[in-house]
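Below, chain A partners chain B and then partners chain C, in two separate complexes.
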Partner chain A sequence: MSAFMQTLVWGIFAGAIYGIAAMGLALVFGVLKILNIAHGELVMLGGYVGFWAFTALGWDPFLALIVVIPAIFILGIILDRIVYRNLNRLIGEDKIKNSLLVSFGLGLVLTNLAQWLFTGDERSVQPSYAGQGLNVYGVLMPYTRLATLGIVLVVTVALHFFLRKTYPGKAILATAEDYESAELAGININRVYMLTFALSAALAAIAGQFVTFTYALAPSIGMYWTLKAMIVIVLAGTGSVLGALPAGILLGVVEAMSGAYLSQTYKEVVGLVIFLLVLILRPQGLFVRK
Partner chain B sequence: MTPASRQSSLFKQYRRWLVPGAIVVILIFAIVFPQQMAQDNIWNLFFLMSLGIAMGQSWNMLGGFAGQTSLGHAAFFGIGALVTRTLWFHGTPFVLAFIVGGVAAGTFALIIGAPTFRLRGAYFAIGTLAVAEVLRITVAQNRPFISTMPGDMISSYNLPARYWVALALAIATTAAAYLLLRSRWSLGILGVREDEEAAQASGVHVLRHKLLALGLSALFMGFAGAVFAYKQISYYPEAPFFPTFTFEALMIAYIGGVGTVIGPVIGGAFFVLVRERLAANLTDVHQVIFGVLFVLVVLLLPGGLLEIWDRSKRIMAKRQTKKLQATRGAEDREGGP
Partner chain C sequence: MSDFLRIQDVSVAYGDIQALWDVSLNVEEGEIVALIGPNGAGKTTLMRAVAGLNPLRSGSIYLADKALHTLRAYQIAEQGVILVPEGRRLFGGLTVLDNLELGAYPKRARQVRADTLKLVYELFPLLADRRLQRANTMSGGQQQMLAIGRALMGVPRLLMLDEPSLGLGPLVVESIFETIKHMNEQGVTVFLVEQNARQALELANRAYILEQGSIAGTGVAQDLLNDDRVQQAYLGICPAPEA
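And now, the complex of A and B:
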């Protein structure tokens, strides 16, 4: 029983990171109506900022978030202005298709730039308290993982209030609903797109910072995280931003369970197969009432 | 009649020989040049160009003609490589193994095609990416060891033979793309690309046309994988399933000119030449340059390199009409009262 509980807990911890990585992707998909294949690369770059803050400056990985988030937020603004803004004149299917191609190319650029700047070595961060944690009836909960889960919950709640209660948040939701009407109502949709993309990049960067001390960091991890985030947003129902967290946790738990009870090696495959099945059988997502 | 227009009418007379002539010249060049040079790196370069053309052309059949962006073509490439190599190493004659490899890839594509084509546009793209990743991980788990040619095959290894197979495949794939575009089927396939609902409403069986494009595309991608398996002395069985191969095929089609028959040929030659050149000089950043180039092509030059040609032709034509109008205007003024 305690082994089962331990697997469940690990799954929830892993799922929290999937959730926050997917939230950014879902936000961009819902508002800009593009699919950003380079989302995983933003996760990776966020991780590198955190890694260097830890290695060069000796900052605690959680403290480093205060530089990681703004750094990748600004990168998001730059990428939106240089690359993604050019897609705005397209509509519908053409826009999504071209965004796939463009962001794939961008992903290639970012991966190889990172490879060139930071080498291909696998890196990770080990804070001094990495091994410590709570022991609840034999179920181990490291402090780092608990803090991760806590931050993810706080960010999700903050995002919820930002979108529902503030002016820029409402503008984002209005643009997602109908960009033409939003524009007629006096919303500067280019600015909304820029803010949304930068927010999504910042969310990816938070996920990336968690990756540095839970998984390994390397320039090539981008595709892995893009796929994970895709699986999660399909489970959540595309366009559902806050649904990404439960969907992410579901994916984390399913992977942990199949890793423990089926086979460790096919953990990744289980997620992708579920993804394909959901896409084909229930394309509106699991957590959407329709 | 001005000399310029006489010249162009002369040109027009021979114009219909231009394309066949160019094809013959390119073919003779592709056959004679490597033999004259007889260097391993030249054979290699031409091999890569032929393989690139075949890959780009096969991706183009589905992505360019039928408009279904696939991000999972590495799956077909990998299946072709895996099946061919396994059969070949177990004593099957290479030609037979080669054909079985391609057919296996095509069959697999048709089996997964029916369910994945329920997905539209972007979801189809991600769905195929997921299929390819599932295969890659499965193969990596089941065949974790490097696959190396047996000693007697290495001792009789002959690089030109590899090139001839690749060249034949590039020619066959290009011919198949041309014939497909000329066939009655192409009307339905292009219709599906332009507007699926409209095509369906005018009686096109959408799924059948999509499956035809997918099956052919996967067949030739499988053949390309088989050629890869024939050439490489050793690699991890997982390697041909890497997304890189999908993206190479896609970039070649896009850089050359997506949705055309000549596009992937130009794209393949250009891509491989530039890549090999850059890889020799700028090993670290050559992928970065390609990524930037690809993004620029998609954003600014959706017709690829062919569009430069078309645009310059249009500009020339415009300039000529302007000149004509100018001279006419001058004549009018002179002849006027």
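And now, the complex of A and C:
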């Protein structure tokens, strides 16, 4: 029983990171109507900022979020201005197709840039308290994982309030629903797109910082995280930003369970099978209210 | 009185297909001007061009002495030129109150938001009752009221309405037109596109007729109502609005 509980807890911890990585992708998909294949590269770059803050400056990996988040937020603004803004002139199918090409290319550029700057070595961050944690009836909960889950929950709630209760947040939701109507209401949608992309990048960066002490960090991890995030947003239902958290946790738990009870090799496959089942049986996603 | 909205030699094209050919018209301050004409004449295109959603191929648009055709759509809204688009185009997943607050997005409107909201609630008490309801769960007529309410939240100097009666029952249309008249009496200049020509002409001071992308006629609304050609083309074949 405690082995089962332990697996469940690991799954939830892993899923929290999937969730926050997917939230950013869902936000950009819902508002800009583009699929950002380079999202995983933003996760990777966020991880490197955190890695260097820890390695070169000796900052605690959670404290380092105060530089990781703004750094990648600003990178998001820059990328929106020089790359993604050019896609906004297109509409519908043209936009989504071109966004795939452009962001795939950007992903390659960012991966190679990271390889050149940081080498291809696998990195990770181990704070002094890495091995410590709570033991609840035989179930281990490392402090790093608990803090990760806590931060993901806080960020999710904060994002919810930002989108639902503030003027810029509502402008984002309005633009997602009908960008022409938003313009008619006096909303500068280019500003909305920029803010949305930067927020998405910041969410990716938070995920990236968590990757540094839970998984390995390397320039090539981007595509892995883009794919995970894509699976999660299909599970959640495209357009459901906050639904990404429960969907991410679901994916994390399913993977952990199949790793423990089927085989470690098939862990990824089971995730993809669930993805296909949802597409076939409930294509609107699990967490979309209709 | 001087021209308030001045549209000069405006041409608009979608790709190779030209929709408007050198359209010129003007709206004076305090007027209600209707634009009538058959389906596909380019009425919506002209409205969207004024609002900044369709780029001009040539020509110019001025509000008072301010050029609108060089501005982006959100800046035109900031100037107080507010369009209620065809089909209402509400933010359906958001609440009634959110829709209204978003209507007051321009700084100029946001400063007086609380007062305007009170006015809109007086005009449409139903919106106050339903302020926390999602917009897409309301009936067509209620949605049209919300669309107008959202536009009023932007404190319009020029209120443009594109087919406000579309898909609505006669009673609802009646009350929408009452509201437009009331707003006009409060000092809002109105520029209106309608397929329901009779009702539009009864409401308006003046009207323009748009056919195949060009102005085919203009006059005082009352005269157009009695004009033989207009009666044949737009009033005879115009049945009472469908329920």
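The working rule: the second predicted complex is superposed on the first by the 286 of 290 C-alpha atoms of A that agree within 3 Å, B and C clash if a C-alpha of one lies under 4 Å from a C-alpha of the other, contacts with A are read in each partner's own complex, and residues count from 1 in each chain.
In the analysis below, a contact is a pair of C-beta atoms (placed from the backbone, for glycine too) under 8 Å apart; a residue touches a chain by one contact, two chains touch by 3 or more.
This is a predicted model, so every value here is computed, not measured.
Chemist: In the superposed arrangement, does A:Thr55 touch chain B (first), chain C (second), both or neither?
Modeler: A:Thr55 contacts neither chain B nor chain C.
Chemist: Quick check for you: in the superposed arrangement, does A:Gln132 touch first (chain B), second (chain C), both or neither?
Modeler: Neither partner.
Chemist: Of the two partner chains, chain B (first) and chain C (second), which one does A:Ser2 touch, if any: first, second, both, or neither?
Modeler: Neither: A:Ser2 stays clear of chain B and chain C.
Chemist: Between chain B and chain C, pick out the one touching the greater number of residues of chain A.
Modeler: Counting residues of chain A touched by each partner, the higher count goes to B.
Chemist: Return first, second, both or neither, reflecting whether A:Thr166 touches chain B, chain C, both chains, or no partner chain.
Modeler: In the superposition, A:Thr166 contacts neither chain B nor chain C.
Chemist: For A:Phe104, using the defined touch cut-off, is the partner it touches chain B, chain C, both, or neither? Pick first, second, both or neither.
Modeler: Touch partner of A:Phe104: chain B, not chain C.
Chemist: Pick one for A:Asn188: touches chain B only (first), chain C only (second), both, or neither.
Modeler: A:Asn188 contacts chain C only, not chain B.
Chemist: Using the superposition on chain A described above, determine whether A:Asp178 touches chain B (first), chain C (second), both, or neither.
Modeler: It touches chain C, and chain B stays clear.
Chemist: By the touch definition above, which chain A residues appear in both interfaces, chain B in one complex and chain C in the other?
Modeler: Of chain A, no residue contacts chain B in one complex and chain C in the other.
Chemist: How about chain A: which of its residues touch chain B in the complex?
Modeler: 35, 83, 86-87, 93, 96-98, 100-102, 104-109, 111-113, 115-116, 223, 227, 230-231, 234, 265-266, 268-269, 272-273, 275-276, 279-280, 283
Chemist: In their shared complex, at which residues does chain A touch chain C?
Modeler: It is residues 167, 170-171, 173-174, 177-178, 180-189 of chain A that touch chain C.
Chemist: Okay, in this complex, where on chain C does chain A touch?
Modeler: Touching chain A from chain C are residues 51-53, 72-74, 77-78, 82-83, 85, 89-94, 98, 101-103, 105-106, 109-110, 150, 154.
Chemist: Could you list, by residue number, the parts of chain B that touch chain A in their complex?
Modeler: Residues 69, 71, 115-116, 118-123, 125-127, 129-131, 133-134, 137-138, 141, 243, 247, 250, 254, 284-285, 287-288, 290-292, 294-295, 298-299.
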